[in-house]
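What follows is a group of structures, each given as structure tokens.
Same chain, two partners: chain A is paired with chain B first, then with chain C.
And now, the complex of A and B:
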């Protein structure tokens, strides 16, 4: 499964038929994103501590939503159990920090552990499809929460404080956790983008359009889904690890709460499922709403849930998809557009047919 | 002897789980809808009973006479509106819509009634029990609920196999388009199936409220138990669901016997084991969904 080679193969064949990536200039977009990330990296020096903490939570939710979007929006798997990996990621950091690791350095380790755990889980839950898959993932998350809660060495049901961060001053702690969250979200969105531009993205698009057709053309559908499931566990694990590091207290009821799934699902639905931009927009809407309704307890989830239900039924492409359906604006161009080649010299002779081994792996 | 008691209590609980699960199973079988708000519906039924029954001056035991018709009508209306609208999109949308409704319902209940537990107080009836030996105690309430579950499942089976409406439900479930061709209004039939499913979940919610406390946040646990009963028993089999509920109930009681903290976990472990060894369940059809 060599992803870059696959992408290159795709674009060579594409040029001959006048098939292009959505955006006119990916270099310009790349520069835009570098500038955005650079600006965000400077935020701790520009805004108040409270705003930095809001941004951190924004990054955590955006990471989760991007992962859920990969699962449901691209691979067609509705999981309501991603909180399993959020919780395991948080506990991974706790256990590693207890063993003397630096909690921030433990974030990637905990995320990789989550991906490793997700492999055997996928063997079980992949036996069910659709809604049954959804509830099965929820059962797994509940089981993980119960196992952790019954283990008193890591705090049992009441949870435990993450050690090893007290040596940092409050200012340094705030900056380090913020940058860790920024790094995680950049890697998560970048990984999703890279995956969707790779051969895997082509397989997922083929499956979405016609699963039987994709299978008969030799696409390894189950492998593609499993890779997405592993990546989603990795990302949600990293998000959970960030929660542990930034809140310094890990409680099973909180990190394994189904409200994480609710938030990642609503954010993706409202922003626009099946686009990388959608979760970004949805997370912004979520935080605007939450900041304005924070004093009203559960009200923001009531309003946000109702909005998500309405959008799922009447505007299933979400805010981003609806707004850009005519404009073809793509900030993360992962799709292809068929059109006339713009310049004749782009039209190269059709390359010789690729060997079958290369086109089916 | 306490192990024997655990198994017997598990069988009793299994009846309640089956009562719970048959609505979930029916909605999936007929419309292909997995109702993720199923557990919250039972909680809502409990709150409706708590609110309405004092108004009617009925004894609490008879509260289902009020709540079940309300739920049947509510189920029909919800199916003809929101659920049908999401079904017209695709099954994926029904999942997201029912999950959204579940979260909205849970938080709306939290706002309205706080997170405190409620229960349906049936007075001294809860204490009546039948004691064949000194260590085994069968509460009459559990026996009645198990009986109700068997009656409901039997009635549902008879309704589907013997009545003309039941035949229409099966026809629509088998092939919606072919049923339409011969003049069946499938939306109405879907509404009827939803009405039945909601009525059964109202019964389960009331039974739950009599057994134990419920709170806005207990909905998802109900959903998971109902779902596990369906999968253990085998998707598409009503009596399999009863067996699945009993297997789940016994597993939970044995787990609780080992350590009270393992009650729910033991059920999950048995469910995952069935998924690993026999994914189509004990009595399931040949193909898993």
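And now, the complex of A and C:
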């Protein structure tokens, strides 16, 4: 992308400049991520079943947090009702499995259904801003929970077991659900990254900095927000679908619980809102704390709460944002950099006397 | 040939204050029009009406003979109306290049290398190219004003609305700015320029409108408009800079 860009710019010596994404080479980062995903794919063979199950829950929460970060950190929409799509995704799998679908194959279908449902919901909640928007999303989530609970054909308030997975042995079940979760989180983070690198990402950044200026420069703000809302519903729906498949039981009080939003917000805040890396780091911290403190009962919630307050006060950019503010490290480079063509050996040396423009035209 | 822009009986009030009382005028493609008037005359509001930031109480805005009064600012920008704001509105946490690239990708609907070319050309013509990788939030006032202009140019406008881009600049800086605007105008971009720095206007425009009390009280050759008794009456004692340049 970068090398031909420099070649096509004809005017005023622009040919001497190349436009690249991020200030540094990205090939090394790509290799890093491929290695990380490959290592994670082998985890079921390397660690215990209990650890595999913890990793699966890690992927589920990271998927949700990445979506919430897109909403709040990039599009400025603080939702506390994303559990609406977690629950609908879970019930999507349940309904499809009841109808004879393979539950794992039902995950993407349920996620797309959630995105489709989010469109009419967006028409409703987008009429509100800020705190009112947040409350409205919660109301929508509770309404969805009530509608599902009152429907006895899908288990009513007590929930129902997801059929169709019993043919797998316990070992195979563990592996299949793990890989499904890994696939979902890779697609979720990859989608968020692609979105932020695209023209839409630039629009979101501009709207965050100055909405009036963005509109006057031609940015369609409402469309951009709606796309993000749809993607967030898609991702949270996939996360909910994973819950249904891995827990084999769907209960409205659990999948529509507001604790999902609390966890999404918590890990995004402590990791660093408005960066792709933030939720990743935040989710790691969350799981480390949970594994080490869970046996101390209520204390671990108190520690979580204190940590969130401390970070909100002293490090509002989160752990990642604070750690990298001086280093300018980016594991997911989304910005642009104007410079000379990256590979200087590609530039033909100019004879000293010739005017700069002569060699380019 | 239909005029590029036409305002038809535009009326706007904020509470009891009348900002525009039946304002009508037309601008031909490629024209260069200046707007002067005392503070509070409704000049900026008029730009808002044209760009879509302000909805008039009555009247219509036509672009290429087509009514655009119901369109939002983004849609009007995409139709060819580029504007700057009196107080610059940079995207602080984005680089200068990204600021302008957004305008090229959204306003001019360009993609990939084409959008890079539009953005770099806008930076070149405004002299911001050396600052391409700086964060816009770190720029000084002059650079911010240039960025505002670069962003409007990158949308590839057919009509450029400039709201006091020369205010607060030194003579030398004003001269540079005038040449940027004239260059755009010579490429066929119609310019409407609100400015208190009248010498900048006189160097650029071939037609001048004077607004006062929500009405157009002068319209025509810049020097004749500034010399007319009614315009002088409105200005005397209210704006020293204009008072000087008129006499």
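Remarks
Here is the rule we go by: the second predicted complex is superposed on the first by the 307 of 361 C-alpha atoms of A that agree within 3 Å, B and C clash if a C-alpha of one lies under 4 Å from a C-alpha of the other, contacts with A are read in each partner's own complex, and residues count from 1 in each chain.
To be clear about the criterion, contacts are C-beta pairs under 8 Å (C-beta built on N, C-alpha and C of every residue); 3 or more make two chains touch, one makes a residue touch a chain.
All of these numbers come straight from a predicted model, not from anything done at the bench.
Of the two partners, chain B and chain C, it is B that touches more residues of chain A.
By the touch criterion defined above, A:32 reaches neither chain B nor chain C.
Look at A:209: by the touch rule set out above, it reaches chain C but stays clear of chain B. When the shared chain is aligned, chain C comes close enough to touch A:218, but chain B does not. Look at A:172: by the touch rule set out above, it reaches neither chain B nor chain C. The touching residues of chain B, counted against chain A in their complex, run 28, 33-34, 36, 82, 85-86, 89, 91-97, 99-101, 103-104, 107-108, 110-111, 220-221, 223-224, 227-228, 231, 235, 259, 261-262, 264-265, 268-269, 271-272, 275-276, 279, 288-289.
Within the complex formed with chain C, the residues of chain A that make contact are 1, 4-5, 8-12, 14, 17, 19, 23, 199, 202-203, 205-206, 208-210, 212-221, 335-339. Contact residues on chain A toward chain B in their complex (touch as defined above): 72, 76, 78, 80, 123-125, 127-132, 134-136, 138-140, 142-143, 146-147, 149-150, 258-259, 262, 265-266, 269, 297-299, 301-302, 305-306, 308-309, 312-314, 316. Interface of chain C with chain A (complex): residues 51, 53, 72-74, 77-78, 83, 85, 89-95, 97-99, 101-103, 105-109, 111-113, 116-117, 120-121, 124, 132-133, 151-152, 154-155.
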